[in-house]
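Listed after this line are the structures, all set down as structure tokens.
Consider the two complexes below, in which chain A is the common component and chain B and chain C are the respective partners.
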Partner chain A sequence: MSYYFGRGNSRWIPYLLILPGMLLYFIVALGPSLATAVYSFTDATGITGGAVHWIGLENYREFLTMGMAARDNYAALLRTLKFCFFVSIIQFALGLFVAMLLNQRLKGTKFFRALFFMPVILGVTVISLIWMLFLYPLGGPVEKVVELFGSHLEFLGGQPNEAFACVIFIQIWANMGFTMVIFLAGLQTISDEVIEAARIDGASGWQVFRYVTWPLLTPSVNTNLVLNIIGSLQAWQLFLILIGYRNGTQVLGYVVYAQAFGQVSGSTTANSFRQGYGAAASIVLFVLVLVIGLTTDYFLRRREERLLA
Partner chain B sequence: MRKLTFVLSVLILASLVLAACTPAAAPTEPPAPAAATSAPASSSGSEPTQAPAPTEPPAAADEPVTLRVLIHQNPPLVDFMTKFNEDFQAKYPNITVDMTVVNANDLSTTTQTRLSAGDIDVIDMFAFSNSAQPYMKNVTPPIWQTLIDAGQLMDLSDQPFVKNYDPAAIKDAGTYNGKVYEINLGRVGFSGIYYNKTLFEQYSVKVPTTWSELVAACQTFKDNDIPCMTAGGKDGWPIFVGAYGILGAAYPDQAALTQGLWEGTIKWNDDKSLDMWERMKVYAQDMMEPGASGIAGDAAPGRFASGAVAMFSGGTWYAAAIEATDPEMQWGYIPFPASDNPDDNKYMFGKYDQGWVVAANTPNKDASLKYLAEFSDPANYQTFANAVGFIPTQPGATLDTQIGKEVAPYLENFRIGYELYWVAPKGAGQYANPWASYFKPFGTFDDAKTLADQVQADLQAGLDANQ
Partner chain C sequence: MNTTVESDLASAQPAAEKAPVTMRRIRLNWVHVGSYAVLLVLTVLYLGPLLMLLNTALKTLPQFMRDAAGLTATLHLQNFTDAWQKANFPKYMTNSLLYTILATLAYVITAVFVAFPLARRYVKAGNFLYTLFLIALFLPPALIPQFQLILRLGLYNKPLGYILLFLVNPIGIIILVSYIKTIPKELDEAAVIDGCGYFRFVIQILLPLIKPAIATVTVLHAIGIWNDYVLANIYLTSKALYPITRGLIVFQGIYGTNWPVIAAATLMLALPMMVLYLFLQRYVISGFTAGSVRG
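Take a look at the complex of A and B:
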């Protein structure tokens, strides 16, 4: 007979040792997630003492099939995917490019590494306030530049596509430093000898990148892609502060918040808290993140095994 | 392995229970129909549940108390409250007022979270409105009603200071199920335009009383490189509120408008509405200055007071901020002239604005009621009304400021606006509202007919879904 963790009372010691950490995880992370799933079948308002009724799949029916609101929800879902696509791809490419640049042995690279990373340590509110000033449409710095070309843009308050593009740009600006740091860490694990050997064999700069650097960066590529995709699918706070709940700009995460906390009307009066409905929307978002996250992870792992096996 | 599974199952169950440990009723009953009430405030509905027990023992009359007050961002209000709090603390040395100021858009969320946390005593809450009407089906009750039903707000019916206020205002804006939960502090008009008298005189422009005159006035200013109109577009709702006069000229009875939309006798794409959309397009695209979308609601009065624009479409509550920015500025306030028939432009649309409510579970009940009683003292209330620019809800008070004089001629035609009646049917699309901000440059629409059809389709989808 085999024993996992010893015999007698001592076999409980490992369980006891991991108990605090497990409890913390279950209470802070898993518990609320499961509670959200339960709430999605109720008409909970989130107000303490308020009545809660079990309504089955009604929230899901409303979210996915009811009237034009369902059309708006699908549009928000599609917009979330668009946001994820552009942010992930551009942030990934820019992060890699900047990391390659700053991995050279040149003067000032440490300063620029700090500079590019700095937005990551700023909070969403600070980032938003900075860019609201930059993009102020009545004589803000960017507007001054646009005026030089005889044009005018409303930026964040303008047409939905214009505002949406601004948020994509700001999201990338805010997080590119993190992508860059992961790539830099990956680049620094590649030994100079490998690169040198490739060069002695006659490889050009592009060939060194394509056949040496890129395959050896696989762990960093995987980490960055997964983090970028999941992060951008869940990002919505920038939309809240920069744009507010405006037609044609909402992503799914913002729909969850706005429905749950009575922010959908654009008015200060006509609000209702619908946390059960918001919970159903968040489960839809969770499924989306799960499917995309797992699919991406599956293909990236296969690629990693193929390249690094 | 089975033991490990058992331990994990217990942990998951325990965490689920802990995470969902709000004191809510068991989710077993079928959903109750929304309460049917009179507009705009309610007078019937289900009985509120028993108020939760105070989280802390009540403070003795003279022991040190920190009174937690929540208000929304409005510079004249904040200035007044800061001074009022100083005077209140001087009168009651054992009470320290800890006032929090949040953006108006965040007031309801902050109210809910702080009430749930038992972390607030006195709250500035917008007047009770948007109640479900008998002709509405399957709508969600507004926040104030949910809070009362959950027993979160204190019944103020027997408090002596309630008698200081106009009974109609108390009934319309603060009563539910025959009990008073809010004392309403005043009405505001929001369908008017501020105009810069100096610029009007300088360019010999007559104060407009009809739509054609307004269009001509704007053209004159634009010809002289002066933007016609501004608004706090950054916050979204000021663009809508600014166009209220256009909606009001078309539909002066906005309770009937709400009912007509629900019952299908009025449509957002009928001829009358189409005319309204055409004017909203002119308002959004020709009258509003480029860049207005970047101006925050509380920054717009400053923009107007700087003299950079000729007009500012906004509510009466902005007057104090204009005066604070430039006390010497010569300005006037007129109802938005959205019709070519001056008789259609005589209405001032508005609402009951903020009021005070008290947390039912406050441990500082005595201090909270003293605070409201002190505020309701006629002398203090008079100062408040003048400072904030509210049309008073205390019978003896008057609005002695310039905005008071400006709106006085229109008060006999004061009407509660659509925003306070409307409740969207579930399933309605995001365009099911009469908002000028749907037009470019704020939105995507450039054609009034296309937008009108979209708005009606979005509304109709909700109405059909609830049949």
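Take a look at the complex of A and C:
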């Protein structure tokens, strides 16, 4: 590649100026990310200046095979898959549906689009507090509606399954706008003429969607599916603020955090600052994400090739 | 003869078209009605929680205890002053602003000098370095070794250590690189002929040209820092260093039942973001979705 700015010593100026950003990236992000695997073979703690020993596969053995803790871990793993399943499917379907609604010539589409996307910028703290209040079990608005049906719910403070379902709902509420925006961008690349042509050929609304819109949406379908699946497998921050460490609600991402950084709110199983063990849990989650992510990607690619053929 | 045929056609065509058009209009209207109904339900779900927040923030505590869902009868603005004082808001807000501004500024400046040579291949192995940013999204989380690093650097519970964590953002680099690629390379050539150096070119010529990308990256990065709760929870243990998010969750833990004051505090945290979002919506949405659009 040709380079125009000076010769000799001034040839090094780009290198000099790229250095701060590059070094920061290596030291703060890339290096630590790869080092997670290394730490998973040690007994590192969170104590300043504490000694770190190489303990081989001990962390993995404990995580996967030892007694009650391992049983809890498998339960957390299963729960992570459950969370991923419900969140990605519902968020995908709802995001697509809402995008289709907003892709019509309706009044106020800009307002709706802005409103549904807003939670994405609010962040976990505000989202959590808003929903703790909206799901207030002592006469809050949702509780009032539930009462109309002669029932009563504790929501986030209720049984583990009830609290877990609430987090699934809030996770979808918070991220549906993201899926919707990507689908909207995809829908806007489909020209009206193609749809019109299908209609003139006598296709029904469903047929237009099934045989024209849906295949043409393939790029956004793939992007959204992969992002939803990976994102929901790794999600845990809402659990931290909305319920805290409670048996029967943790997902794997939260187990990593709880083991590595301790957990203040009434825990039984989480020891504080077991960073090596937490790193092992983190790698287990990473492998899970990798396997599911790659499998999904493989099938999506095959589908895309079939559609193009 | 010719004219009559034409006029026949002219009069026949609109008539033939008219029937399906009116039929379709009726059907379309029903679709629209249904669409609006669904959108209304969703609007209740999205606006409701926010209105509940506002409603609660204007109530007195006894009023909230008596009827949590009911419409407020008062404009109890004292909640806001209470939250401001009791939640230590001025301190936390200053901290949040400081972290956000300093880290975003430092990040954007370093990022431009990373993105420009990568987009232009002005450094050796530029393609490889760029790939390192692309794969970042698929690597295991850096959380634990990062903590060990900060601990060993003696930066635990120090503002500098916390800010250091926010000087990195692969998606920002990807956005900048793809935008810089749209700026013609002839510009570099022309600038050199006029005797412009590398540094001056980036600052005086490139920067004004990539303003939209800079805005997108700045907004995206700043929102990420402003909203951070987890890292603040891990790295900042002194109350005096809390950003507003952590301050608010701690406050909620203490005043767990006093929802009117907590709601007022939450509103004060969310408001700057919402105003920013309202005015910079285009940049915000493109920033959040840029990393996900496949090239």
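In this text, the second predicted complex is superposed on the first by the 272 of 309 C-alpha atoms of A that agree within 3 Å, B and C clash if a C-alpha of one lies under 4 Å from a C-alpha of the other, contacts with A are read in each partner's own complex, and residues count from 1 in each chain.
Keep in mind that, in the parts below, contacts are C-beta pairs under 8 Å (C-beta built on N, C-alpha and C of every residue); 3 or more make two chains touch, one makes a residue touch a chain.
Source: prediction; values computed, not measured.
Touch criterion met: A:Q234 reaches chain C, while chain B stays clear of it. Of the two partner chains, chain B is the only one that A:Q159 touches; chain C does not reach it. Residue contacts after overlaying the shared chain place A:T125 against chain C, while chain B stays out of touching range.
Touching more residues of chain A than its counterpart among chain B and chain C is C. Contact with both chain B and chain C is seen for A:L30 once the two complexes are overlaid on the shared chain. Touch criterion not met for A:V208: it reaches neither chain B nor chain C.
When both complexes are overlaid on chain A, the residue A:C84 reaches neither chain B nor chain C.
Legend: residue contacts after superposition of the two complexes on their common chain; A:Y15 is shown touching both chain B and chain C. In the overlay built on the shared chain, the residue A:F261 is in contact with chain B and with chain C. Looking at the shared chain after the overlay, A:L217 reaches neither chain B nor chain C.
Taken together, the two complexes place residues 15, 22, 27, 30-32, 34-35, 38-39, 44, 46, 48, 132, 136, 138-140, 143, 261 of chain A in contact with chain B and also with chain C. Interface of chain A with chain C (complex): residues 1, 3-6, 10, 13-15, 17-18, 20-22, 24-25, 27-39, 44, 46, 48, 97-98, 101-102, 104, 106, 112, 114-126, 129-134, 136, 138-141, 143-144, 173, 178, 181-182, 185, 219, 222-223, 227, 234, 237, 240-241, 256-257, 260-261, 275, 278-279, 282-283, 285-286, 290, 293.
Of all the residues in chain B, the ones that touch chain A in their complex are 7, 11-12, 14-16, 18-20, 22-32, 49, 52, 72, 104-105, 107-109, 112, 115-116, 126-127, 129-130, 140-143, 146-147, 149-152, 233-237, 240, 289-295, 303, 351, 419-420, 422-433, 435, 438, 440-444, 457-458, 461-462, 464-465.
Residues 31-32, 35-36, 38-39, 42-43, 45-50, 52-53, 56, 67-69, 110-111, 113-114, 116-118, 120-123, 129, 132-133, 136, 138-149, 151, 156, 164-165, 167-168, 170, 173, 188-189, 191-192, 197-199, 201-202, 223, 226-230, 233-234, 245, 248-249, 252, 259, 262-263, 266, 269-270, 273-274, 276-278, 281, 284-285, 288-289, 292-294 of chain C are the ones touching chain A in the complex. For chain A in complex with chain B, the touching residues are 15, 22-23, 26-27, 30-32, 34-35, 38-39, 41-55, 62, 66-72, 132, 135-140, 143, 152, 154-161, 244-248, 261-263, 265-274.
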